[in-house]
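A short write-up of the structure that comes next.
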Amino acid sequence: MSSQILLSPDGIRTDGRRIDEMRKVKMEVGLLKNCSGSAYIEQGKTKIIVAVHGPREAHPKYLALPHRAVLRTRYHMAPFSTSERKSPAPSRREIELTKVIREALEPAVLLEEFPKTVIDVFIEVLQADAGTRSAGVTAASLALAEAGIPMRDLVTAVAVGKLEGKVVLDLNEEEDEHGQADMPVAMMPNINKITLLQLNGRLTGEELKEGLEVARKGISQLYQMQKQALTMRYSATVQQEEE
Amino acid sequence: MSSQILLSPDGIRTDGRRIDEMRKVKMEVGLLKNCSGSAYIEQGKTKIIVAVHGPREAHPKYLALPHRAVLRTRYHMAPFSTSERKSPAPSRREIELTKVIREALEPAVLLEEFPKTVIDVFIEVLQADAGTRSAGVTAASLALAEAGIPMRDLVTAVAVGKLEGKVVLDLNEEEDEHGQADMPVAMMPNINKITLLQLNGRLTGEELKEGLEVARKGISQLYQMQKQALTMRYSATVQQEEE
Amino acid sequence: MSSQILLSPDGIRTDGRRIDEMRKVKMEVGLLKNCSGSAYIEQGKTKIIVAVHGPREAHPKYLALPHRAVLRTRYHMAPFSTSERKSPAPSRREIELTKVIREALEPAVLLEEFPKTVIDVFIEVLQADAGTRSAGVTAASLALAEAGIPMRDLVTAVAVGKLEGKVVLDLNEEEDEHGQADMPVAMMPNINKITLLQLNGRLTGEELKEGLEVARKGISQLYQMQKQALTMRYSATVQQEEE
Amino acid sequence: MENLSSIDATIPFRQRELLSLLSTGQRMDGRKLDEYRQVEVVHSIYEKPEGSAVAKIGNTQAIAGVKVELGEPFPDTPNDGVLTVNLELLPHASPSFEPGPPDESAIEMSRIIDRGLRESKSISYDKLCVIPGQKVWIVYVDINAMDHDGNIVDTAGLAALAAVSHSTLPETRVEDSKVITLEERKPVPLTQLPVPVTVAKIGEYLLVDPSLYEETLSDVKVTMTTIESGVVASIQKSGSGTLDVDEVMKIYDLCYQKGNELREHVKSSRNGGGKH
Amino acid sequence: MENLSSIDATIPFRQRELLSLLSTGQRMDGRKLDEYRQVEVVHSIYEKPEGSAVAKIGNTQAIAGVKVELGEPFPDTPNDGVLTVNLELLPHASPSFEPGPPDESAIEMSRIIDRGLRESKSISYDKLCVIPGQKVWIVYVDINAMDHDGNIVDTAGLAALAAVSHSTLPETRVEDSKVITLEERKPVPLTQLPVPVTVAKIGEYLLVDPSLYEETLSDVKVTMTTIESGVVASIQKSGSGTLDVDEVMKIYDLCYQKGNELREHVKSSRNGGGKH
Amino acid sequence: MENLSSIDATIPFRQRELLSLLSTGQRMDGRKLDEYRQVEVVHSIYEKPEGSAVAKIGNTQAIAGVKVELGEPFPDTPNDGVLTVNLELLPHASPSFEPGPPDESAIEMSRIIDRGLRESKSISYDKLCVIPGQKVWIVYVDINAMDHDGNIVDTAGLAALAAVSHSTLPETRVEDSKVITLEERKPVPLTQLPVPVTVAKIGEYLLVDPSLYEETLSDVKVTMTTIESGVVASIQKSGSGTLDVDEVMKIYDLCYQKGNELREHVKSSRNGGGKH
């Protein structure tokens, strides 16, 4: 199984990338018309669409909090997104990621500005090829921004991994399955705060430190793309209004 | 499978009926004692019992509407009603028919006379031999009538089908399984309004028109029987009170 | 299957006990720290832990009754408690026993002293070796007592069975599986009132009467042990406070 | 139901009224304490199931259908067929029944009826075996409570017993480890008639076959399933009242005596004209 | 949704306003009564599924993915493959959609699309058989409604059809009763293009492709799935309004005519660059 | 829980009070910041499961039982046994725990413990294979959180590890493709001792083994599972607070150091006298 070589001696990965090279990323803001905000991300073959509804009245009402908004999330995989068809019912993994992603976004959102309301963030994985939770977080903060919800900073995420003993950036599915570690990291890039951190695999203390550093660099790149995507959306809106 | 002949060259079906001949039908109103109204129907081997509870207070209360009653239905098959034992949990088919039947009855019931209440119509298929949704509708409107709920008209239903290219009335199970189409139709017979219409199968435009006409004739016959069943129930009540 | 001999001609059972001899019993009150009261019982290899929460506010509120407390119970088996792993979802058997145990405890608890509240009794079977419902009841009344909830009397329970035509006390699992009857009985021992009675198996009228008598004797022994366990818990508390 | 009745302020009054009547040996509907309402059993009312029956006790009504399927035996009883009893409290039966999965009460009643059939050893499970350890008949007894005026258990138990006692199974032949189902049929092997009888206690009075009204005013019921020989195969105390030993023995006597009456109703039940 | 709209006091007013517009042959968005919004279909948008497509009708959008698995046939059709259609109303699509298992409406819409594909006999189920009675292809068509501005059924139906029509299956070889999956692929055997067309009735007016706004003001919709020959394979009346026979026939004419337009959109759909 | 704590008006006050104490290097219960409460582990407390243990950390308690069954491997790992970890938050443990299926928190904690065991490669899954591709041992680790005074994850993780490390499996022989289970037993093949250690952050302070009181006042916790070599096999940040890189590395140091202490507790755990 894991006997295949995922990293050549001169540091080239099976898809031709270098160890610190991200997959091709595409972001687009505002595709969906019947929600408060939306964003689409492609990271390699991983494809995700996020919609935000709200801030809106809590329903049922007992969910509401007097002093701040409640942030709700859903991380969900389409049945056709995986190699084997996935049942549409939420798996234990999806339930866990829903929580982890919510806790990655919460520190950034100024929830106290919308007491008694609910903000819903729905993340749908349309094609899964590793890195879905991190790409989901990256897209979710774009959708929140488009919905006009004030944030301390965007939240940006990427996974780092370990192949043949080397720390590498942004695993694809093959690398995730056969590699030695997978560590998704989300940050508020401007203020250098980690909001999501998980690890499956085996890292030494040194590798952990290196992994966080590699993640930070990847997050910087993605953060630039996020800002660009928002600018494009904004100018698109301006353009549209001028027409 | 469908190589068997369901209609002889001289227009006789496997159970001896002509193409426009209904199965033997029996209706009875008021068998159950612990509900607001009830009706029982046998159409061939299809056997169904319907009970109505209400108008009654909505529970939970948020179901209530300020200006009219809420009509709730349940179409359900007994585990022993089918050839293979049916799980008692509602199937997707039962959930769909529950909706379709509710929408077949709603236009007839004067819901605005009972604001803030709920009227429940429970349809239990005791033996299924095709035509259960239409027989269910026919019995349901009888049970509503017995419950004293005012209606614009009764609702009466029958299925038409297609065998060997001919449109026929009131399919039995064998015909339903191996025939070419099954089209249940419900009407308010007095005012000639269709309240339920579905089709599974293949009909040309001409056949569709003919099917609706054949259905209308069957519905007329059933409507007479419904009125008779109500009269018998009414006279039975009178008799009982006189005793 | 049942060809094996469960009772020797001189009245000795496969585990060496006489027909009216209980298994080794151990009771302990107050092991758990984050509940209102708790008790642990071992009866042979059967091991059960019970926790009580309350009286406390009903949640959701519509559960509350104006004139008395609501007693809620849960009988549940740990997945590792049985020979084959048990799914943690409640089985029909567990749902039935939950009701039967609640109705065994209700007559003893002075529910009217705590109107509008809920008292929760959670029974977890850690190892099942027959007699779990009766041991559960015995432990539950200890946990209620430790929670300071006033009772008319403790409730004490034991099962009697039938082996080779003889009525015997306190079946173990082997005897339960291959024996001819299993009759759990709970009583308020001081006032000689039966609060739980079930039978699976085959008893004549005479055997039923004898069984109830044998049960009463077993219950007397267990009742002494219950009082002792409470005394020990009480003195332990006193000791602790003196330290 | 428990909650609702508990807050009904008229209960103490109605209970006193009923007790004073019971002290004269009478019940609200004119019955004596040990008297059943009118019992009616009709078997073979449907064509599709392997057996079916309707039972009525007064205005309480239940319908049972029996289906059989070939399936695998349980690992610990490889030579025995399988019995599965399921009772649905149809929302038809009472304004207080909700549609949805069986609640605690429905599950308890199912299991009372199931245990009565099972523990009495009335069905010869070994005769339901087709290939030992591999293929046995699974007998599904599904009961619909249709109309609820008290004492659903006895009514459902009667319907179940009548349906099973008129059920048939296809004969089978085994060829190359494959089961071939034949045209000929044989009865489901039933050797005895276990019937549940329910007694309600109100004050100190014991009443058989409680009506819905009486159930509301009773705080403990006992159901005992007996067979012809007087053997009791299943007991269930239900409700939060108490009993003493003498009462249990009186209840046993009532259940056996009334059980014999009900067995006659099953034996003499009318054929409804469906497949038998 | 039904409850919410029923208590919206502005509905009668908005309905009158719309009716007066409809009487001039116009709709709020400038369309004629028998005119669809802009339709766009792109197939093969993903690499992992056996087929995929996105369809947009105006601001309504649905995505379909096709997965195939080897599995057992149904006992009554041992030589036929199996089709499974499932529609999820993603909470993305509308503020009124809740996450969770499909509700009544989602199930109805799934089944309308399923019946259209199934009853039109457009898929050659016998060609999905690998070992008769043992192994057949199970074709899962999963549809996500992503954006809801009315007429989800037609949009989802288009996406499903486009996805199926560009799906492929692996060729297989059977050796010693084992199925070996080969590298070569063949198309899912689709012989016709069944498309659902939905007509809403508002007052006495019949409108194709209702927008969300129009759906709110309509009390009955009819979806008919036709194929090229004009045969109608599935009809569903939905909503609590009524129809007369003439209206049904007018709806049929509209559905067939508009179905031909939509079929062209499927045929000319653009390749999204994923696996095809 | 999150909702309840958020509306507790005393939290800011209690938080200030705790922070001022923490600034002196002290905790409410007298511990130092990097000090665990009293730890106790007893293994082999039951006779029926293949392994069992109870772990206590202060007034927090968890019980784990291990059951094994022969079953099928996953298709993508045909030569490996299967591990299944399930944590139930028993309603016994806390007034705030409801009976019912595991909620989000319980699922997260199960999966943290599961990943610690799995990703550390501590179990030799290949040694759980009986017939490659057909029969492997499935190891069920079921954990009951019984008493909750904070830090359930570490307590449950200790119980699970102690139970697994004292579990045994029957030896097997394969005859004619059938598995025969023998009398002799062998240990579940465990090569390392992965233990989760949880650190809570309150203000800028990092506390190991948070009590329930401390958990309420903390907005972020990190659990890291390490093995003897210092390799970290699983990390989970939990809660809506944030961390910086330096904090993560400090937490790593704490987790490894404290992990070594906890491993000693597992190694020196007392035998409870049940089957071992």
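Some observations on this one:
Letters A, B, C, D, E and F mark the chains in the order given here, with residues in each chain numbered from 1 onward.
As a convention for this text, a contact is a pair of C-beta atoms (placed from the backbone, for glycine too) under 8 Å apart; a residue touches a chain by one contact, two chains touch by 3 or more.
Predicted model only: the values in this text are computed from it and were never measured.
Using the contact threshold fixed earlier, the set of chains in contact with both chain E and chain F is A.
Our note on geometry: chain A versus chain C, Cα centroid distance of 52 Å, whole angstroms.
Chain E has its Cα centroid 27 Å from the Cα centroid of chain B. Here the spacing of chain B and chain D, counted between their Cα centres, is 31 Å. If you average the CA atoms of chain C and of chain E, the two centres end up 58 Å from each other. Of all residues in chain B, none touches two or more other chains.
Contacts with at least two other chains are made by no residue of chain D. In terms of inter-chain touching, the protein chains here make up one closed cycle, each touching precisely two others.
A single ring links the chains, and its order as traced from chain C towards chain F is C, F, A, E, B, D. In the complex of the two chains, the chain E residues touching chain B come out as 3, 6-7, 77, 104-105, 107-108, 110-111, 115, 119-121, 222, 224, 229-245, 248-249, 252-253, 256. Chain D meets chain B in the complex at residues 46-49, 52, 59, 61, 63-67, 69, 86, 88, 90-95, 99, 101, 140, 142, 144, 146-149, 212.
Those residues of chain A that touch chain E in the shared complex are 32-35, 38, 45, 47, 49-51, 53, 56, 74, 76, 78-85, 88-89, 120, 122, 124, 126-129.
Residues 1, 63, 65-68, 70, 92-93, 95-96, 98-100, 102-103, 106-107, 183, 188, 192-205, 208-209, 212-213, 216 of chain B are the ones touching chain E in the complex.
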